[in-house]
Every structure is written in structure tokens, then in C-alpha cells.
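Alright, structures below, take your time with them.
There are two complexes below, and they share chain A, which is joined by chain B in the first and by chain C in the second.
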Partner chain A sequence: MKNFIDNIRSKPAGGIILLFVSIQIVAIIGGLMFADSFRYLNPANIAVLLKSMAPLGIMAIGVGILMITGEFDLSVGTLYTFCAIVTATMVKEYSLSPYLAMLVGIIVGILAGLVHGNIVNKFAIPSFIVTLGAMLLWKGSTLLYHGAKSLRYKYESESYEVLLKGDVGVIDASFFWFIAVGIIFYFLLHHHKIGNHFYAVGGNAEAATAIGINPKRVKLIAFAIAGGCAALSGVVAMSRVGSVQPGGGLGLELEAIAACVIGGCALMGGRGSIIGIMLGTALIYTIQDLLLLLRAPGFYFDMFVGSLIIIAAITNVALRKRL
Partner chain B sequence: MKKLFSIILATLFISIGSAKAIDKDSNNDWSDIDILFLIWTAEDVEFFVPSINGAHDAAEDQGISMYMEFGDSDTAKTNDIIETAIANGVDGIAMTVWDDDAFDEIVCKAMDAGIPVVLHNIDDSQRAKGNCRMAYIGQFFIETGQTLAERMISEHGLKAGDHVFTPVEFPEAVYAVQRHEGVNNGITAMGGTTELLGTGTDHSEALNIMVQYLLGHPETDAVIGLGSTPTSVAVRAVEEAGMDIPVGGYDITPEILDNIANGSLTATVDQQPYHQGFMSVTMLAQYLKYGLLPADMNTGGSGLVDKSNVESAFKWAGITR
Partner chain C sequence: MNQVNLYEAKNITKRYGNLVALDCVDFHIAPNEVVGLLGDNGAGKSTLIKMMSGVVDPNEGNIFVDGKETKIKNRKESEEIAGIETIYQNSALCDDMTIMRNIFMGREITNSLGFMDHKKMEEVSTEVLTSGVEIAGIDSPQKEIGALSGGQKQAVAIARAVYFKRKILLLDEPTSALSVRETEKVLSYVTDLKKENVSSVIVTHNLYHAFQVCDRFVVMSHGKVVFEKTKAETNIEEVTEQVIKV
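Take a look at the complex of A and B:
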């Protein structure tokens, strides 16, 4: 058993896997023992827990890949809203199919990421500053494009209802999108040479250049992925609630960075994994869910969530360091 | 010829009548009066669209100049904007006191400099005693909270021991504290309990956290959203939690109106933001022009939007409602 645990801990996301599984075991035992008062295993609870992870999780995957290359994108929260509004208006005002409109929204997100990356590369300005400016730029662009009114997004189509709003048992369509994005980027990051380039550039850009990697090109790709994931995240969230608010999304960029750090991404780049990022996101929402099921006082709720996120991050680091 | 003459005469009478009704001093040019209309949040908050429309309409009606700034929910930034306005010699300020202490000095400084200040949307919790402002145009939060609670009790038979969930975007904000106080007064008076929970303004995030709360509190007997975000997603949250309990709330959004129309939401309190913008600018303009003193105004009164009157709200939502 000890060897098994040590083996897991030696993996890149070993700490977060152990932490997440431990919390799940405790919660499941609690749910079985106190089924009436602690409804963790209630199908409705499992459903909302899985639904809640998807938008932040998809965004965090893009943010995490960018962090592995040593860069940040603080504009993903406002870009999430801008791209969702572009998608909704494509359907409502230009009568595009929701899938084509979704593609347009994602392309806008990718282009935005490319613009951010180009500015960072060309002018050697820290991405923190460039994307801080971009955060305000996309926030203002949303108002310029649509105004401050919320936008309803309902599309009557059988395939759309299944692919973006349907469910299989307790698993919502949005969770399948999250898993699909996770699988795609898992193979890209861990089984494709571009993944090695991300780690190499984030770990030591000069050494990466010395072995023939073009750090600017690699970072540009990472920025584009972050922008595209932010856009998809916005569309998934909008489809879930059936509307989009121009003021929404702000603050999600920090939650996404938190999910990545909890999941083992290094702030300075060069370290991180897709499984870690996905479990980091899942852990944030599990903590929130457990606190609400345990009846933490609502007025001080953020204090409990914040404290437990810090404790989770410390535990993750401690588990890794025991190697 | 006779018919043409009649038409010209009628048009002339109507024109003269209208001009008299609209403006008794139309010969004066008041465009040199410059008013700052300050929104306390960022510019992307949907709630303020009717308020801004109202302020613009009032400035146009009064023939004055008005410019708009946004405080981004930041007390320091808001103070800086007002300080700059005072230095620039603005003639009047319409603003919001969303923090009981942060604006006390700056409002007094403006008033001392001879610049009238009228509040809109949120007042000091001590009202006129807590701040130097001349008047407040907005909702009286505690009273409306109590009205809504009483409506929910009478319509749904809430009784002693019942629990009411009261989610709100920012539990620490003055509007949240006072609305909760009003709702809580009504609910505790009949022996029930309430609990606040912060939802933020992102609808997707708000929906998740509200469903999770309801699953963790299956004894909940009603939901009263204290702001537009939780009220917009409350019906959906109740459905996703597999419950069948009544919902009420505050403000007007397309989702809220749809839910009132289909009977899944009992009633909402409309604080009439158009009036808040329109009347605050109008009162400032008329004070500066004629010395007419601004007075407090409870926009929306204690009226609720429910199934009986939802149609007119639908028609004008996002424009004047």
C-alpha cells in the first residue's frame, strides 16, 4: 500500500490526486453514514457539482498551459463574456447555427490570445501587464459591442439541447465538454512534442532556444489556447443558464489561476499537468459543496472557502515534498 | 381652404399648449449648468441602464449639461471623481452612498463648496442624519423587504419554524444588509428564520452555489432573492435542487419577468431605477435654476410586480423599467 501511494505521489499530479481522493473517500463515507443530513451522494448534488466545474475547468486548462510556458493571461474572465456575447449575437442577429456561432466565438478568443501573445513577444512587456490592459479592453469592448443589458440565449434545436444542455443521468453535457477538452490537451501536453516545448520554454527559455525551440512561437500557441479555452468556457456557461451578462466573468481569471496552482502548476512556469489542473478545479468546487452541505454560515462563507483552498494548496505542496 | 385654416389653427394651439406644459422658462438657456451623474458600480451593470436613460432624459428636459462617471464599486476612486468634480467647479452632483462612512467627508466638502448633492439608488443607513446630502431618491430598502416578506407569508402560508433562504450578490453591501433586515423582520415576526449567502454577479456561479445551498438545507421553505442576480436564477435553482418551494425577489430582468408571467415567481420589488436617474437630475436642475429644494423620494413605493401587472414591465424592461 505504501509503495502504491509513493508511486502515485511521484507522478506530476500525485499530490493533488492523493488529496482529492482522500477528500472524496471521507465525503463518500460521510454521505453513506448520514444520508439524510449530509446529502453528498444525492443525485442532484452530484449533478450540480459536475455542472459547476465545467466553465472554470475549461478556462483553467488554457490558463494552466499558458502558465507552464511561464506566462499569464488576466483577460480570460472578460474574454469569456465577450466571446459568449459574440456567439449569442451571431445566433440571434445573424441567424447562424449555434455550432457555427460557437466556432466564431472560439476563433475570436483564439485571435484575442494571438494579439496578447504578439504584444508580449514583440515589445517584451510582461504578460501580466499586457493582459491586465486586455482585461479592461475586452470589458469595454463588450459594452461597445452589446451595451450593458443581459442577453438571452435560447436555441430550439434537438441536437443543441443534447450537445450543450443535455445530460446522461447525473452527468451534464457541460461536464462532457470539460472532459473532452481535458483529454485533447492531455495528449497535446503530455504526448506531443509541442507539450515538451511548453515545459522547456517555461522551465528555461534560453536552454530551450539552445536546442532549437522558438520560445516566441511556443508562447504564441499557448496564448491562443488560453483565449480559445476562455471563449469555449463562456459559451458553455451561457448555454447552461440561457443568458449572458456583460458584467459577468470578471474574477474568474484569478479562480482559474488558483485552480492551476492548487493543481500543481508553478507560477514561474515549467511545471504543471492537465490532470492536476482538472483536479484543482474539482477541488475548489468540492470544498464549496462540502461547506454548503455541512451548513457553514452563509454570511462568512467566503472566509471558509478561502481558508480551505489555502489549506488544500499547502497540503498538496507538503504531499509532494515528502518524496 | 377653410379646412386647411382649421388644421393650421389647431396645430398652433397644440404647439403653444405643449410648449407651456413642457417648459415655462423656455426662453432661458440653462446649458451652462453642469451636473455630474455618478454610478457607483462599473458601466456593465444592467440594472443601471434605465437609471442612465432617466438621467439623460432629465438633462434634456431641463436643458442642462450632464456628464457621467462610474465608481467601479471602489470608494477611493469614487472619492477621487468627486474631488476632481469639486475642483472643476461642477454645479451639482448626483451620486450614491453605498458605504456608510467612505463618502461622509467628500459629500460635506461638496455641500460646503456650494455644490448640491442628491443621492440616488442607495442612501446612508442613518439617512439624512448620517450624511450631508440634500435628498435621497431611491428605494427604502427595509420597508420593501418587509412588504415582500409579508406578501410571501400571506400568499404561501409560511408559518412559525419555516426557513427562508435569502441569497444576495454582496452580503456586506448596504442594500443587502437593509433588504435582509426588512425581510428578516417580516419572517422572524411570524417565528421563522432567514439566512444570507453571497452569490456574486455571474449567473452560472450564482446558480451553482444556490443549488448547493438548497441541497444542504432541505428544510428551506421559500427563497427570497435580495438582488437581481439571485432572483434571476432562483426558480432554476429550486428546480435543480428537486424542490417545490415559493420564490420571490428584487429587481427586473427578462428571466424574472418570464418567471412571474409563468407563475413560478410570486413577485418582485421594482425600485424603478429610471425614476432614480430622472428625479435626482431633475431635482438638482430645478434647485440650481429656481431654488426648489430637493426632497427624499421612495421610488417604486411599496408596490410589487406580480402576475397582475407584469405586462407593462415586459414592455418597458431595460428602457424605463
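Take a look at the complex of A and C:
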């Protein structure tokens, strides 16, 4: 037993894996026992669950990597909308192919991240403040660029239908994007040397400097990743739904931070993992789904996620301090 | 003694606005020696250490490595040209990372695309932990640094410096956070390193520690070097007097 606990404790995502698996076991047993009244295992339910995850998940991966380096980006929610609208107008008004337009959207996101990072680095202002300002800036820019009316986004093409709107069984295309982004950043964070630098800078910036790592450069890369992921999640969400609301996206940045904290990222940097962030996202949506299936009123969701954030933080600290 | 100094700084001046942190300082490190850099708070010891490790740029002065004049602009150059490694009070390690990732922090073994070779890094880490500086109580390089004691952390930092074949080790108050027994251990590492041709500079407030391991003493006050003698030429009373006199 002690070995088992030790093993979980030594993994940054140990707490969340334990929590996620226990909730799944309970839900699956419930689904099997009350197949008629509690339709957790119903294919339609699984499809909806998987479909909803990708936008927040992709965004959370970028936000989480930035959190590991010890910084925040509160502007990803409004940036998500801005980049989606840029992508849509590229297709509608400049007749770009949707893939090229997507690339333009992502580049805009990366550039925005670089601007945030440069301001944080140059003027030594906390990223919390810089991106709080940027959050409103991107919200305003969206209204300036497009106006307040919602934008329909449709593109007729076979490959596009498959890659961004298709599905395999119960698995939606957007979920594959989520997994792909997860795999790419898993290798970057856990196997590439830049990942080691992210942890070093977030864990002990002074130590990183002493050893010859440039924390400003590393943080800049993380800001760019956060911006790029926000843009991609915006485009993926827009493609699936077929429209964008200029006022949408606001609030997602906090949900993304919540997913990261639930997944074991430390608020002050230096800890976290891709698998944790992905399971954190999955857990938020699983709980939402369970509450819907139990026909709980909507506000229960906020209460549950709120408690979950605190419980997850306590569990992570306790797992680290124990034994 | 005609041997060439490993490192020599001449007439170094560093100003922060009106404050002169280093005032025409001459300082050298010879092969096979341990230098005690002493002085009260604000004497300029830490600025000198930071200057040598390349983190602080001097306003004036010249630097010689192995007798040749050299410009050292940043940490990387100090490490690569002069072979200098710095060990700080709160050692330059990340608590949340494993020993292995700490040893290779900033110098990861990677393929051409920058992906890390975990297997090789683990092999080398195990070797680092079992040879050279012996560290008691550490069995696996996958252990997190946060789980180690202060002395073990310093030992890992020193082992890292030894593995990467540094010639000069700068220790900025390496023992101030350690227990008595751990302090003895760290001091004995420094003596061991001399046998492996690694010179050290120790900044400390504890003159007894300094006398235990140092071959030469340099006392600073108000940004200047005010006293410099070898162990044979002086005694602990004289050095103490030099440190406390204003």
C-alpha cells in the first residue's frame, strides 16, 4: 500500500489520475446498474461528452505550459474569439482556403502571445496584469474588427468536412485535434530539452539563470504556445459549431486555469503535466455530464467545479507532503 | 611561484548608479587552491562572485583566463571559457524536478532535434551519483530534489560541477542553510575536489569553516580588497580583526 501511494505521489499527475479513475468507475457502475435512468454509457451521451472537450482542452494545454513556466495568460478567452473571427473573415472575404485561414488565425494567436510575453519581459510587470489588460484589448478588438453580430462560418469541402466536422463512431473530429495537440506537447514538454527549461524556469528561475538558461526567452516561447493554442481552440470550436459569437470566449481563460489546477499544475510554476491537464479538462466535462444525467439544476455545475478546484489543490499538496 | 593563474581579474570596478559595489578590485585563483572570500555584509563579495560567473558585467577592468586576456559577457561564456560553476546558498537546483533533470538542466543530452535521451541521461546521472563526490543516502536519480536534505542538495550541485569538468567552483555561502554534520560533509567535498584539480572560492561568514579548508584568505570591505594572506602567513585572530574593522 505504501509503495502504491509512493508511486502515485511521485507522479505529478498522480492525484488527478486517481480522482479521474475513481469517478469513472463509479459512473460506469452506475451506468451499468441503472442503464435506463442513468444513461452514462449511452453512445449518444459519450459522443456529446467527447465533442465538448476539445476547445477548452486545447486552450488549457497552452495555458498549462505557460503556468509551468510560472506565468499566466488571462487573455486566451477573448483571443480565442478574435482569432476565430480572423480565420472566418479570411475565408469569407479574402477567399483563402480554410486551412490557410486557420494558419493565419494561429499565427495571429502566436504573435499576440509574443507581444504579451515581450511586455512582461521588458517592463517586468506581472503577467497577470499584462494579460488582464490584453483580455479587454482583444475583446474590444473583436468588436472593432467585426462588430457585435454573430458570424456564420460554413465551408463546403470534402476534406474540411472530414477533418474538422467529421467523426469516427462516437468520437468527434475535434477530439482528435485535442489528442493530437496533447501528443505534440507531451513530447515537447516531457521529452524535449525546452520542456526541461520550462520546468526549470518555473521552478527556480534563479537556478535556471545560474546554469545558463535564459528565462526571458523560455517564457516568451511559452507565451507564444499559449497564444497559438488559444487560436487553434477558437478555430476548432468555430468549425464544429459553424458560427462565432463576438462576445463568446470570455470566462474560458478561468476554466482553462481551473482545468490546469485540477490537473496538478502549481500556481507558482514548476509543476504540471500534459496528461494531468488533459484529465483535468476531461474531469470538468465528466462532472458536468454526470450532473446533467442526474437532472441537477445548472448552478450545481459551478458549485461542483468550484469545490473540485479546491479539493484538487488540497489533494496535490497533501500527496506531496505525506509520508 | 610562477604558475599561471586559472583566472585573474584586474582593476575591476562595478557601479550601480552612485553606489560603487566593486572599487578597483584585483582577484585571482591559482590552480589547486581554495580561496576564502571574506567580509561583512555589503562588502562586495557577492557582486564579485556574480561578476566572475558572468551574471554581472563590470564597468571597468580586465579579465584573464589562463594568463590570456578574455572578455566574458554572460553566464555561458564564463562556464565555457573559464570553466566556472557557481553554487549558491539555495543551491541552483529545482525542487520540483528529479535529480537527473537537475544534473542536465541547460545541458540536456539530446538528439539533433533537441529531444532528450532519457536512457543515457539516467546512466550518466547514476554514474555521477556513485562516483567522484560520494553522496550518502541517494539511491536513484529519479528522486525529486525537494525530497533531499540541504546537504544532499549541495552535494548534487557539486557533483554536477565535477561531472561537467569545471576548473573553478564558486561557492556563495554554501553552508549557511546546513546542519553541522552536513556542513562538515560539504567542506570535505571541497577538499576532495582540490585533489581532482578543481579550485574553489568560498564566500562565508564562518571563519572557522574558512580556516578548515582555505589556503588563502581575501578580505573585502566597502568594495575594496583590504587584506590578502595565505594560511601560513596569518592566523584566525588576524583575519577576524580584518573582517570586523570598518
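Some points to look at:
As a working rule, the second predicted complex is superposed on the first by the 289 of 323 C-alpha atoms of A that agree within 3 Å, B and C clash if a C-alpha of one lies under 4 Å from a C-alpha of the other, contacts with A are read in each partner's own complex, and residues count from 1 in each chain.
Basically, a contact is a pair of C-beta atoms (placed from the backbone, for glycine too) under 8 Å apart; a residue touches a chain by one contact, two chains touch by 3 or more.
Keep in mind it's a predicted model, so treat the numbers as computed, not measured.
In the superposed model, A:248 lies in contact with chain B only, and not with chain C.
In the superposed pair of complexes, A:196 makes contact with chain C only, with no contact to chain B.
Residue contacts after overlaying the shared chain place A:116 against neither chain B nor chain C. In the superposition on chain A, A:219 makes contact with neither chain B nor chain C. Set against each other, chain B and chain C differ in how many residues of chain A they touch, and the higher count belongs to B.
In the superposition on chain A, A:298 makes contact with chain B only, not with chain C.
In the superposition on chain A, no residue of chain A contacts both chain B and chain C. Looking at the complex, you find that chain B touches chain A at residues 42-46, 48-49, 171, 195-198, 200-205, 207-209, 211-213, 215-218, 229, 232-233, 236, 240-242, 253-255, 318. Those residues of chain C lying in contact with chain A across their complex are 53, 55, 74-76, 79, 86, 88, 90-97, 101, 104-108, 110, 113-116, 118, 142, 144, 146. Residues 39, 42, 44-45, 47-49, 51-52, 55, 139, 142-143, 147-150, 152, 237-238, 240-243, 245-249, 251-252, 285, 288-289, 292-295, 297-299, 301-302 of chain A touch chain B in their complex. Residues 10, 187, 191-194, 196-197, 199-200, 203-204, 206-213, 266, 270-271, 320 of chain A are the ones touching chain C in the complex.
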